[in-house]
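Chains here go by letter, A, B, C, D and E, matching the order in which they are written, and residues are numbered from 1 within each.
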């Protein structure tokens, strides 16, 4: 059991732990949910968890590059969500289904 | 933490106020008997055939997706606008201007393309 | 203006020109394409001028402007900055490249006006210019190599520009393949240098090598230079890899002028001049270079005598002149090599463009036997061509005289030189005079031998202006390098400015006391040899037109050997290419089919057996893939954690 | 005195005040809107209940409260109930970030046998230094209330209304965000207070290395950013879903849009959100382009306390500062009310757009113009502040 | 310090709760709405960590734009709560849980073994300065990445329009 001091002194470790937990939730969503859109949300969750650790590190080291990185990650994530949802919509229009299993029809 | 406290407080007020009103209204308000006709989805008096919309114009997603992309480009201009004066007084005015000029050129190109491809056209 | 910006503009202008023309490559508008390309090239020229004058204002020891934009490659000990340097050598090179390049761009507008794909042509030309500038400006061997490969690519594209003709496409291929052999040498040389000295940056290399050369074995250095020289023989068309250059004449004539006479083929010379402070510590390599250069000069000159295609003659002449430059490099006369590079760029570009003008006028006819008497049809072309002719055969005070004489004198007097080298050089000079006069006689003088349906006409101003400018340069271009002995007797004592300019950056070999009388004497000998050759050709081809045939008949097999280029191509075919093909065939039929195929089939069967098991993994389920990814990460993490 | 507890109390009081302000805007504006519309369109407004119909508001409240609580049968009750509450949050949070007056300074004084102060009281809910970004971020949440309402009611009119509303909101958010870039370029700050302070001075700018001062003009953003002001104001109309941009509740097409199924106080809460938006929008316009709570050269944070001191005969620095701040607050409110009146006037004057016209206007006209405004501003600012000859 | 800790743990608990709800609720719309709350909570976290501007961007971009798109799309699909929202397969499920748990375990372990503690007392002087520094950094050191992102966004915009216009491609006849 960590000491009271460690528990109360909220620091990098705590943020990283939180980030890890949220990341794992995102990962479970990606791995286990059937709905494509929820999977995409899982990806967003993972990216956000990583962002949190970036910001925590930036605060820890006093280096603003972490912020820039988060900025870029957000941009990429937004672009990814845009394309992912556009694909999901296109597939929904075809199969009326967003279950990931239906994406197997896209083979070959 | 203390900095965010007012924000939380205010949100809490709003939520409490809203819930209280809803609760009050449900207590004070007239009591009607629920019946199937009343609970029918409103459709100007005729029986509703479907509840939600069935055919959705693709335009809405497209608008939303394009909004995200352009929104980010605009967000990128905020720090630029903020530091523009500093760059100019530091003697890097032309640098910072051309840095953003390229970005805006890409932006304009994108906008132009979207207009030209009729992606932004509504009926 | 800041030199970094200048260098950047210098490099980017042709790149933008390339982008502009490359993106609208289907356009047929030769004037627009040409104007943009020429403008891009001219902007580069202005930048070069600005850089030159900036350089001139600096004290001689500090004359280098370096800008490193970022670190390109950082791997272990290898640190390659993406940097460019303008110093005395590269300043001259970029002036030549962009100056002559601009003129040739201008010329091309007229020359390519009826072509089907002018945009593509100008795009390639600008791309070439960019790559050549990268080659010259790179501040380390790797950047130079990037440019080196880039110009090779552009050369290939432009030689095969009219690729619908199989022969021309094949010529492009030949150039490319031959150059690859050289490039392999270049790479190996580079590896050796890096392996031995741990750096590829010129400034570091040239600083380091003189320091360590005393205490270490110079074997690797010699070896590196020999391999680099293999690279140079490829790019600069020396024995044994010169065979591609005459075939490269399949490309458009301005391309021959720019790439295969003025700039690209001199890259090898440039490289050795650039590395000359280190080269002087590898005397054996220098010896090889000197003799290869001399031999190339003589062999190419003799072949040139027997050719009938106007461009082929000029091509062999180029090979021969490049041989001169390597001779100069080999005897330690680096300044003279660079000097000859410059004057040669002027007069050879002039003559190629002139020949382009002739070909244009003769409706794509290249055989000199079907020309003659063009003087009265093409007065400007003729006049400028005469200037070039006088320059190349070495008549004072034309440009070629000073540079060639300098080389010959150094070949004679330098500690690395010898009388034999001088003799070969002088003989080549006589041959040069002979075949160039022959070219003049057959093309411009005498009676016209073309059909009635051909109506030669003078070219448009966009083609004649470059000719005139280059003609002027062919006359005065040599005056910056007047030798001391001559300068001493001229008013104002114009001593060797060019040598003085280059002095801080090139290698120096110990010299004997200059023997003034000897130098005068040799100068006289070379001029008279040139005069003799010229007179002999004039006599043969104009006064007694039947004489050449008689001589040819009398010499018989020797003549045939020379006329067939010493059967070098055939020799390569029979002893290199055919055996290679035969061996490959044997390997294919016996070893490949019986051994390797069996092995591979077995491997294939094994894999497909395994795959039929493993393909259950690849089931098209996205989440399974995600799971494998996660598992992989988990396993790696476990491994890392476990190892601590 | 524990600073934390003190700060907490102050913040608590402020938040309550802002929240009350937010809630009381609605009845007042509803009354103004009714009377105003009656005046504009030449008809009878509420004039029966009390003087000028003022107690109509009370009657309304009673009526709202006593309405039957109703959930559509096929709706999703939780979301249906959450939507109106969510609708109030963005505007309230945004309002709290806006400085309503100059801060007033409490000089050290003694009371209850203890020394207090000095203390600077901000007339602002909170000041994060990134005010503009905060307001944008919070108000970008406004789309959720609409979507929740549309989805929760599970009615096709509601859904279409919600869709249209959110598509419209986000489309105009682009033009809005971009026109604000011009303001930031000009003042180089995200803080509202700094923007207002910069405007409480004579018109001054650098022109090719020379400083130009025009004494008789205030340094208002409108003078530098006329185009930006027009775009921002128009975008604000769309953001608040007001006529001529009230497509989401276009009666002829969609019954009442996303709040078709809402009645009673739930409906009223949407109104609180809408009027709050209007208020925030007007305040932003005033702060960005019209000098905020100052009117140079008469009323600035420096002169206001003096004026009030003379007027009320108070000499204590604290009280002068206090009354000065109140005066400046009134100035701000006067300007805001003027803008609110424009909102109302426009609503009862202009016809509604067609939806395609609306989207066209947003994407193909206002966005390019805003972009143009940004580029021009950047160029002019560069020319103005470039160090010529340096 | 105590208040900071309480604040952090409170927010962290909320975040974890929302995130957990996001991935477990059967109705995708509820999942999206919980995700919005997670995003807003994360913005608060960023704010606490001194990244005010980034927090604002998180609100504008994630909460205000990306999630609006998610919610919009989901509402239009009108998906009912899924009866089986998780994919089937006992072995793969176990593997998935296991590998996630393993990764989180490692992350927690390495985070825990690093004893660095943030000095939460050093509040950055004025937050506008952080934003300014961020701007300067973005337009100098990361200029290239910034410009490239501009082009990326352009490409995505074009790609999205192309995808939404797709008529079914090669297998359209089934």
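As a convention for this text, contacts are C-beta pairs under 8 Å (C-beta built on N, C-alpha and C of every residue); 3 or more make two chains touch, one makes a residue touch a chain.
Note that the structure is predicted; figures quoted are calculated from it, not measured.
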{"item": "Given chain A and chain D, the chains that contact each of them", "value": "B, E"}
{"item": "Required minimum of steps from chain D to chain E, each step between chains that touch", "value": "1"}
{"item": "Intersection of the contact lists for chain A and chain E", "value": "B, C"}
{"item": "Pair with more cross-chain C-beta pairs in contact, given A-B and B-E", "value": "B-E"}
{"item": "Taking each chain's C-alpha mean as its centre, the one farthest from chain C", "value": "D"}
{"item": "Chain centre separation in whole Å, for chain E relative to chain C (CA means)", "value": "57"}
{"item": "Inter-chain centre distance, chain B versus chain D - centres from mean C-alpha coordinates, in Å", "value": "17"}
{"item": "Separation of chain B from chain C, taking each centre as the mean of its C-alpha atoms, in whole Å", "value": "62"}
{"item": "Sites on chain B at which at least two other chains make contact", "value": "2-3, 52-53, 56, 58, 60-61, 64-65, 67-72, 75-76, 78, 82-83, 86, 100, 107, 114"}
{"item": "Residues of chain E touching at least two other chains", "value": "3-4, 8, 47, 53, 57-58, 60-61, 64-66, 68-69, 72-73, 76, 87, 96, 99-100, 103, 128, 131, 134, 138, 149, 153, 156, 160, 164"}
{"item": "Touching two or more other chains - residue numbers and ranges from chain D", "value": "4, 128, 133, 159, 163, 166, 170, 173, 189-190"}
{"item": "Touching chain combinations (by label order)", "value": "A-B, A-C, A-E, B-D, B-E, C-E, D-E"}
{"item": "Chain A residues within the chain E interface of the complex", "value": "7-29, 31-35, 37-38, 40-42, 44-45, 48, 51-52, 55-56, 58-60, 64-65, 67-68, 70-72, 74-79, 81-83, 85-90, 92, 94, 98, 100-101"}
{"item": "In the complex with chain C, residue positions of chain A that touch it", "value": "27, 30-32, 39, 100-101, 103-104, 107"}
{"item": "Chain A-facing residues of chain C, complex", "value": "620-623, 626-627, 630"}
{"item": "Touching residues (chain side chain C, partner chain E) in the complex", "value": "623-624, 627, 630-631, 633-634, 637-638, 641"}
{"item": "Chain E residues touching chain C - in the complex, by the definition given at the top", "value": "87, 92, 95-96, 98-100, 102-103, 106, 109"}
